[in-house]
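Each structure below is given as structure tokens.
Each of the next two complexes has chain A plus one other chain: chain B in the first, chain C in the second.
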Partner chain A sequence: MTRHIRGTGPLVATLAAALALTACGAGGRDSSDGEAAAADPGVTEDTVTIGGTFPLTGVAAPGYSEIPTGAQAYFDFVNEQGGVHGRQIDYIVKDDGYNPTNTSTVTNELVLKEEVFATVGSLGTPTQASVADYLNDEGVPQLMVSSGSLQWGDDVENRPMTFGWQPDYEIEGKIIGQWVAENMPDAKVGLFLQDDDLGEDAEKGVRQFVDDQIVAVERYTSGNTDVAPQISGLQAAKADLVLAFNTPSYTALSQLVALKTGYKPKWFYANIGSDPALVGSLLERFSEGAVAGSSSALDGVLTTEYIPGIDSPEDPWVQLWQKVWDEHGEGGELTNYRIYGMSQAYAFVQALEAAGEDLTREGLVEAIEEQGADWEGPQLAPFRYSADSHMGIAGVRVVELKGGKGEDLTDVLVTDIGEDAEITTDDSGQADDAPPESGVPTS
Partner chain B sequence: MRARISSLRDHVLARHLAAALLGLVVVVMVLESVSDYRNTQLASMAYLGIAAGGLTVLTGLNGQLSLGHGALMAIGAYTSALLLPDNESSLPLSVVVLVAVVVTLAVGAAVGLAAARLHGPYLAGATLALAVAVPGIALYFKETLGGEQGLRVVMPDIPVWVLDAVFFVTGQDLTRSRFTAYVAWLTLIVVFVLLANLGAGRTGRRWRAVRDDEVAAELAGIDLGRARVSAFMVSAAAAGAAGAILAFTVKLAAPSAFTLTLSLTLLAAIVLGGLGSLAGALIGAALLTFLPSVVTDIGTDAGLSDIQAAELAPLVYGLVMVAVILLAPAGIVGSLRGALLRARARRRTPASAEPPATGTTSGTGTTTDPHADTTETAGTTPATTSKGTAS
Partner chain C sequence: MQQFLNTALTGLTLGMVYAAFALALVLIWRSTRIVNFAQAPMAMVTTFVALVVIDAGHSYWLGFVAALLSGLVLGAFLERVVIRPVEGKAEINAVILTLGLFIVLHALAAVVFGNRYRSFPAPFGLEGITVGGTTIALNGFGIFTIVSVLVVMGLLVALFRFTDVGLRMRASAFNQEVARLLGVKVGAMLTLGWALASLVGSLAGLLIAGGGLVHPSYMDSVVVFGFVAAVLGGLDSPLGAVVGGLILGVSLSFVSGYVGSQLVALAALVILMLVLTLKPGGLFAQAAERRV
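Then we have the complex of A and B:
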């Protein structure tokens, strides 16, 4: 008994002391906390710090983990030439393993600890959806999200700081749908969809044109690697054209299952799932070598493209990327994912240029809204940025893969979300422009 | 004699409350002095700590192994998310936590009823199935539970009286992340006081009796099934509270947060910290929260690329786990306490008589005692310590 009482002595003393410490509070709370705003976080005279979250580890890492290495190489390239308005770009990459809960944690870290000016190019629909409201509440620009979901650009009022980048899945679905209706009107269409925004948005677009041609719709849940039931479903419905909106792993999986069951429809994979090099290597890995992993594994497959890739080495943009990668890359080949990262980085540098010397978050957002639609760049079609829309690239071109290369089947087609927006041939000349001599955009 | 025992029991409660008050003061001081980012990290540590605390009671005190606590957290988190769909919801957070606890408790009761009939690997298998199945429910009921992308959790505005009160005490404005951290740690303190009291009282003695020797416990008139189910329910309730806090912290309830990895992480936390010890659960939670980001930062500073640094974290985590198991098989708290007791025993051997045990309330295995208060365990011998860890 006595031991207990003796033990509580110091305890009480500590408690009292600590209480006294914490009680040194002030009276009422001052409600006017609006002091003159200092510079926005992440900006100094000679640096601007930005961040991004990507799956560097885990199932989504193959391919996607290369995107930030491309962006980093381009930022290094720009920094070497003096940066933008005298500011060096400091790019901090965090791994979220494609897990929205981790995304929330590491985004917190970027905002609160690293005090980034903006996030640029962060990847994934479920992952970025988990932090979109947080970033907007905190007033942190969430720029050029690496995902084609509609939610990055169609709700400017509620998410004024969020911007998309790549063509959204709905316009891609529309363009694919129209192409099928015009060129393969007798095809029996099967849909193979990832069961989230990707599949939903795309289905909305496709159905505007080929609703009566669709004979089967199969959905898979990302993470479940058995797609045999879905492929058999398409086969049973005798679909002879499969429009597939899925990630690269599922392109490989669906091809493997189709090989096994002897199902030979015409395949039309959306851009997101059709990188021939990655799918080829995945095919080889998944089949344990039974299928040769060359990039010609997807020969005859239809897909779309919206930026020039490694299959067109004579394109001036690709030549610039090759030069940047040779000088600043961290080893390894230039890949389409690295080009994707560089193309995003290029657009961000344009935004920084446009925002001017006095860099603020508000100023940056305004600059993108006002000027973004006119930017030249690697993208084949212009951005749709305006005060009412934060949607990214306006269109795609339909191509057929041959030996890992895309052969153009159409001009660049542009449209917008919604049933009213018509599909037209792009007349902005975006597809034919070339980068400036220095490789760094000027305002 | 009876009076003496009852006064002792009062004393245990008083001691827990004093520890809670001390903890509260420490929490206020720490949360007020660290940055917003650290506050968020501390909130994550709190929810891992709450769930690990619940699990350590189940595994350490009652000897049941659960691989499904991540799923129980999911139930708490989804309940909270459904209650906080937008800014208009006027439910106070305390009510949200309570509802989450009650719902999880109900699920825990159902699972516990089944679990009480199973032992060892069978029990592990059944709870494993729970961990695998529950995220699937969210995918199946996509309309209501949001599917892969999960449900957003919209935290209500901080009540004005809280803002005023906090400013009065600390002189700082309360930020959102600090508010969340306060909610998390207050919940942790409440849960830990309840768990410590349950563990120290009659219920806890029954749990331990069932764990140590079923036949003896049954002969002593203890209903084995009831003891097991009650332990599972209490543990599930803690997991529910943890899930609610997770939802507040992450502001999202998505299946990817509640993978099997989470359940295993919780188990790792209590093994690292020391089975059966609430302090150990907290230490394990702290390790799991801070280790990855510290390691990644060290890796980046050492010039590794982002990808290499990201891959370093799981490696170091694995090495720490192996090191703890090899060097401190009773977990960090368990081994420290064992060393402390051995040192005391050595000091005391010259003295003629062993002092009487501190009281009937705390006579059982010390490493499995739910609170790390060394004054209580002073009277027990090293022999009981090793017995506790063997279970």
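Then we have the complex of A and C:
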């Protein structure tokens, strides 16, 4: 017993000493700002190194592998104009093949070997979920995750370093649900869902409005390319409007099966799966049937938009992206996926601007929380960033595809997650703004 | 009713593709007594060859023939160059080697043909046939699939049962030493076995690609199901392979349609376990004789 008490004496002393040391350390950093910048990995006087993981190979690669090429082109564009606060942006892209095990490995490499300041735009729900806790534990900002899952922004307490970017699947589901309830109240709705967060979050949103209209719910497993049983199920339930939350390859596959089984409902594909250029290129060979050439492949299909794309070349943002791509692109056409990458890169540059000259990870997170909601940018609706929410873009617009172009059916509608958040018309003017002359955001 | 019919029909077509793949495995097994894990990527490579030919502006059928021929050549080449050095050693050596080939061919295809999804044309319409006002989930290409697999099965049965070459192939697979003593050119038979198997595998590749999307790993899901189908049938019998493929295709289609698509792989394993428990040699295995 006495031994025990005696034993704690040195322990307490050591703890106290450690605390004191920590306090000194913190104090030291506060007093000299120049050293603070040097304290965080990936930042020097004239560079900031960031990383990202994407499926450059494998099933998810079509389309998605183009996202980092767009971001890279925009960072090159910014670097050419002197970078941000005098720092050149060095973007390191790693391939994870959309396999969470690989994501852990390459993210480890980014953090430990490349010593990145933050990850930006890394893609995928299962992939990024596998490293979210690691990055947060290490204090590495996981910015603008390329996924619409709720988990990037709805739990700030546990994941203070993680931020979403695109509208989440739940608000997209809500907006789609409300539109259907108002405009097609007699439709028999079938849901075609990817069997993971994508389908789950979206279903939650959709059901708030059209619960009683739903006649069938079919889920496919990503990787299983035979969706005939699912489409047959929708057909058997006589669904005449299919709300589909799936990746682009499955848009093509579902269209092919529908052709085979003679199923002709109205299709409403969520934004993630509806890129007409990509789906059209997948379907272009099957011109014998009802699926015609590339641009008209998805004619009459309903979908949503949250950033301007290549179908509106007169949009000032798209003109900027075209210029950036022509000057710094790695070849090939400007595509919607590249625009996606550039739009994300634009937001990250805004974050760097806002974080100020003394760049720290905490300073960056704070800047996004405080100012992110007011940033103007290509997105049609503002970000929802705040100290309580790290959710990305607040809304979408419903469009109908005609000849590869989206024709607006609604204004930009904004809302938030949860049943209490109402859907309103966006009045921020985000949809009508234009980029600054230089093409680089200023704070 | 329509859903039931459509689910059954899509399962039937898919089962036939599994069957074609299983036939290729059976062929290699019967002629060399090893299991070829590289079957799927070999078929993938030849399918891409067809795509290159078609992309160059030639007809589908020219691409089709080119794929089959390149399958024949690829099979013979791999046997001669890669498998031959380990021939006669423990069988596991050759099997592991085919696993290595699986990875190498995958990587090469990604480098040579690119990694993106591409659509693969079909020679017949993709719209379902209309019977009495309702469209059923069977299109021209589906019928073509069923017919061609049945024809190939018939040819293989005939080859092994009624021809001299077939007998020699079986002999050299069964016991090289004895076959050699009897004057069979064992080496040539093994090469022929690989070449033919690769040709049938190419057919499977073309059938599953037609009217769908291809990329370097598009055959991977077929690998597992093709193996299960072959084992169901007893690995030794062409008829067994086809029946195994059909059982698997139809039941998996029903599982996917009526239970849940996430259970498909599990269901395949359950079917495999059931069959192997009840009939360990597979459905069509001949009783193994053992001398005591």
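The rule we apply is simple: the second predicted complex is superposed on the first by the 395 of 443 C-alpha atoms of A that agree within 3 Å, B and C clash if a C-alpha of one lies under 4 Å from a C-alpha of the other, contacts with A are read in each partner's own complex, and residues count from 1 in each chain.
Just so it is clear, a contact is a pair of C-beta atoms (placed from the backbone, for glycine too) under 8 Å apart; a residue touches a chain by one contact, two chains touch by 3 or more.
Predicted model, so just to flag it, every value in this text is computed and none were measured.
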item: Partner chain in contact with A:Asn136 - chain B first, chain C second, else both or neither; value: neither
item: Touched partner set for A:Thr57, first chain B, second chain C, both or neither; value: both
item: Touched partner set for A:Asp195, first chain B, second chain C, both or neither; value: both
item: First, second, both or neither for A:Ser104, with chain B first and chain C second; value: first
item: Touched partner set for A:Thr125, first chain B, second chain C, both or neither; value: first
item: Touching partner for A:Pro68 - first (chain B), second (chain C), both, neither; value: first
item: Touching partner for A:Thr410 - first (chain B), second (chain C), both, neither; value: neither
item: First (chain B), second (chain C), both or neither touched by A:Ser428; value: neither
item: A:Asn79 touches, of chain B and chain C: first, second, both or neither?; value: neither
item: Set intersection of chain A contacts, chain C complex versus chain B complex; value: 56-57, 65, 195, 221, 223
item: Chain A residues within the chain B interface of the complex; value: 3-4, 7-8, 11, 14-15, 18-19, 21-29, 33, 56-57, 65, 68-69, 93-95, 98-101, 104-105, 108-109, 111-113, 125-126, 129-130, 133-134, 195-197, 221-223, 330
item: Touch list for chain B against partner chain A, complex; value: 11, 15, 18, 21-22, 25-26, 28-29, 32, 35-37, 40-41, 44, 139, 142, 147-150, 152, 154, 163-164, 167-171, 173, 177, 246, 249-252, 254, 256-257, 259, 293, 296, 305-307, 310-311, 314, 358, 375, 378
item: Partner chain A, residues of chain C touching it in the complex; value: 2-3, 6-7, 10, 14, 110, 115-122, 125-128, 130, 134-137, 139, 211-213, 215, 217-218, 221, 253-254, 256-258, 260-262, 264
item: Touching residues on chain A, where the partner in the complex is chain C; value: 56-59, 61-62, 65, 195, 219-221, 223-230, 232-233, 235-236, 249, 252-253, 256-257, 259-263, 281-286, 288-291
